[in-house]
Amino acid sequence: MALALLATGLGACSAEGGTPTLTWYTNPDDGGQTRLAAACTKASGGRYRITTSVLPNDATQQREQLVRRLAAKDSGLDIMSLDPVFVAEAAAAGFLRAFPAAEAAHFTQGVFPPAVQSSTWDGRLYAAPFWANTQLLWYRKSVARKAGIDPNAPGFTWDRLIDAAVRTGTTVGVQGSKYEGYMVWINALVASAGGRIVGGAERGDDASIEIDSPAGRRAAEIISRLARSRAASPTLSTDIEEQARALLNGSRGGFMVNWGYIWRAENGDAKDGVIARNIPSDLGWARYPRVSPDRDAKPPFGGIEVGIGAYGRHKDTLAVDAVRCITSTPNMKKYMIDSGNPAARAEVFDDPEIVRQFPMAGLIRDSIGVAAPRPITPYYTDVSGAVQSRWHPPASVDPNTTPGRSESFVRRVLRDQALL
Amino acid sequence: MESTRPKWPWIVASALILVWTIFPILWIVMLSFKRPGEVGNQKGFLPKHWTWDNYRTVFRTDLFTAALVNSIGISMIATFAGVVFATLVAYAIARLEFPGKKLILSFALAIAMFPVVSLVGPLFDLWRDLGLYDTWPGLIIPYISFALPLAIWTLSAFFREIPWEMEQAAQVDGATSWQAFRKVIVPLAAPGVFTAAILTFFFCWNDFVFGISLTSSDRARPVPAALAFFTGASQFEQPTTAICAAAVVVTVPVVVIVLAFQRRIVAGLTSGAVKG
Amino acid sequence: MTTLESAPAAGRRAGRRGTGRRGAGRADLSDRGRAERRLGLLLSAPAVIVMLMVTAYPLVNALYLSLFSYRITAPDDRRFVGLRNYATALTDSLFWQDVTTTFIVTAVTVVVELVVGFGLAMVMHRAVFARRTVRTAILLPYGIVTVISAFAWRYAFDLQSGFVNTWLGLGDYAWFSGRWSSLSVIVLSEIWKTTPFVSLLLLAGLAQVPRDLGEAATVDGATAWQRLWRVTVPNMKAAILVAVLFRTLDAWRIFDNVFVMTAGQQKTETLSFLTYRQTITRTAIGLGDAVGVLLFLSVVLIAVVFIRGFRVDLSRVRGDR
């Protein structure tokens, strides 16, 4: 009894004065969204106050926290930063407030198409695109020269990339650990080969699984080839983004596919002297490699969309205003400069300040524009988990059997006929 | 005859034990003094450049400071409540005759063996309905219940060492059972209670499963769960050194308690199971 | 008097108490006796209520929900499916793979901890040098938060940040890329963290071995090895069984280390982690609760095997008389 009283006491002291408080659940970004929240609070002129609460580092765990609270119809979830792949699930479950068409037009205007697609479910917009992300091919210029290749040449493929690394005794860093980042790689390869993992997602657990296709086998071939070659990282099956970066900085560093944060991280580490000071000047970037020379690559798509909780007290009023502030073009630019996360609107990338800070801004913009979102389905967690489970470790991938096995496994998982 | 045998094997063994137990702790301390970028790019046990930055970072982030306050507050309250409850039960079991005694002890034992993970799903639902999800009591209650068995054993064992006649004498002098308990047993039992408190505190401090399953914000998240929420300069960079700094901070109280109360802990851990 | 009292003594006591209780039967039950009963129940009530609240209700709830196909993200889609979730789990190779992993982790840790713990107990028992320091050092791992110990071992063996490969000259051997090497590190960290507990139980057992027995054996010309097996171990059998029972059930539930070090990759997933991933990560409540119930039943099974098979007398473990 005393404990219960204590809890009430603790809970009651959250509201401050008369200003309505909106709680924004953010993914960790070293305080970038918290600073933006403060800016929007100030800009609201006392109409609302945004406080932030941080979610776990891992995308899957972010979803875990949000979904469990939303399922409890938690009214404390006013605004939330969502990984694009989890919007469909939350929308289908009725956890998110849909934006009426009039509002939606504003939030999608000038926004990259993959970001809009990922934020839309059943024809309605459920989240406002906030920032967008994609992967580039990062490489050591000196290694490319030695290998006699130009990663920026049109038609540069994974096969040529792996050959170049093998020839020069260097490595191709990728994300091969059993986590969402591996799914990012698989999906980009399948999409670049002209296929898709899930079709007809609107049919829920009856969606058609299409990973057992020529494109799926092509993706498996590349993964299997890299994983078994000398160009693979020794820790490929546990590598996430940072291991790939460390690999690039090491003595066998050559190439890697990775997100846009690399530029700032490398410059920061070089300045601190923990990596060789000449690495940033040796660092090159190119568009995501192709699967086949005659088909454009479909780079991965990531980022954050901002959703409004369906049970919040201010969901139709203040929360909408706050999201409008958060996702305004000037704030996207400000956030990009502050945190290094690319804006969701193409126009931001033409800003001179952005171009000065991010020399590869144009390439990032073009890559996001043609990026392939991961399957948009309410069962994304199961689809992704099932694919990862059958495609991991990368060295075990067999182009003849893995796509087929993973397809039937995804089906069984979707029908609750298998553990995951 | 013991003295005629060589002592050096025992000395070597003792030295090895010291290295084995202290080394991983020392490693965490070393990592906590490295610069964030050093981990992953430069190997080695010792930091290349010693820095306090990680400690500054963790104490500047609300994530950690809030979690630290939660961990301390929740563990203290749970320890206090758990020890009070356990003392009452242990007293009843050691000194009173009542039906269901065996049942209570068997039940406590079953709890000690319970696979916690089987419970967190349903407990999550129950806490949601009761409004206990993501609150201090939401963690305090499970902590109490899972720390109780150890506390009950430890205390029952201690209580048995207390001379029975003294309580009886007090009762003959006209004291009730309750008065006998308070005036005679409590002073004698205090060291045992203290030991039970240390063990209970360790249990609560150590918890991870409840911490990650039954909280979702700074309101109640304890430190072990909060470590998973740390991040580097961007969401992709790994906060290894900051995690280690936080780890060192939460390890300090443990080391202090162990150094100060080594004898009590040993007595407590052994008395519950075998005569110490 | 606590636990490892000799059987006859326990019997005497039980007998005495038994007669006492009968003597105080119904009508004769004195006021004092009734008050004592009331007080006993009253004092036990808070603890029992808390323990029931956290275990009994959730367990019944898990049993109930495990009969449904139910996901937290599709609450309207809840269907009764009977025992289908159990059938799914029990016929799934992943379930049995995790049972195997859990079994291996448990078996290896318990055996190693018993041996190492015995060694530590001997040192603590005999040590003349820095006795207090040794005891304190042994207690440190016991007090360290498991998650932190897991981080320490993970970073030490990590190829990019650790020192283990450099020191052992292993080059770029990737510990966490293989099943057995990952499990070794997990087991190592588990051993580091929990051996102190085992060694303290065994130390208490050692203290029970009558000294004169060992001396008599020495006079009879027994070697140290024979003394160990013929005198020391049989005399501390109870302590050993208690240690094994506790550590087995504890290791069977291993979760924190796996979560931090591999997140179940490379087939290092254990039963606890499987349950966690179905219920919490995947939010497949029905299926997850079925796995949770199976985990619970496996713990009950182990306990029964120990108590019946090895005759670990729990009434004496817990100091009941």
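By written order: A, B and C. Residues from 1 in each chain.
Going forward, a residue touches a chain if its C-beta (ideal position, glycine included) is under 8 Å from a C-beta of that chain, and two chains touch if they have at least 3 such contacts.
All values reported here derive from a predicted model rather than from experimental measurement.
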| item | value |
| --- | --- |
| Smallest number of contact steps required from subunit A to reach subunit C | 1 |
| Pair of chains ranked first by number of touching C-beta pairs | B-C |
| CA centroid of subunit A to CA centroid of subunit B, Å | 38 |
| Separation of subunit B from subunit C, taking each centre as the mean of its C-alpha atoms, in whole Å | 16 |
| Sites on subunit A at which at least two other chains make contact | 61, 68, 243, 246 |
| Residues of subunit C engaged with two or more neighbouring chains | 160, 280 |
| Overlap residues in subunit B, where contacts from two or more other chains coincide | 40-41, 124, 141 |
| Subunit C residues touching subunit A - in the complex, by the definition given at the top | 69, 72-75, 85, 88-89, 92, 94-95, 159-160, 172-174, 176-177, 262-266, 274, 277-278, 280-284, 286-287, 291 |
| Parts of subunit A lying in touch with subunit C, wherever the complex brings them together | 60-61, 64, 67-68, 71, 89-90, 92-93, 177-179, 234-238, 243, 246, 378, 381-382, 385, 392-393, 416-420 |
| Residues of subunit C touching subunit B in the complex | 1-5, 17, 20-21, 24, 33, 35-41, 43-44, 46-48, 50-51, 53-55, 57-59, 61-62, 65, 119-120, 123, 126-130, 132-149, 151-153, 155-156, 160-163, 165-167, 192, 196-197, 200-201, 203-205, 207-208, 215, 218, 238-239, 242-243, 246, 249, 252-253, 255-256, 259, 271-273, 275-276, 279-280, 285, 288-289, 292-293, 295-296, 299, 303, 314-315, 317-321 |
| Residues of subunit B defined as touching subunit A within the complex | 35, 37-38, 40-42, 48, 63, 77, 81, 124, 128, 132-138, 140-141, 216-219, 228-239 |
| Subunit C partner contacts - residues on subunit B that touch it in the complex | 1, 7, 10-11, 13-14, 17-18, 20-22, 24-25, 27-28, 31, 39-41, 43-45, 84-86, 88-89, 91-93, 96-102, 104-111, 113-126, 141-142, 144-146, 148, 152-153, 156-157, 160-161, 176-178, 202, 205-206, 208-209, 213, 223-224, 227, 240, 243-244, 247, 250-251, 254-255, 257-259, 262, 265-266, 269-276 |
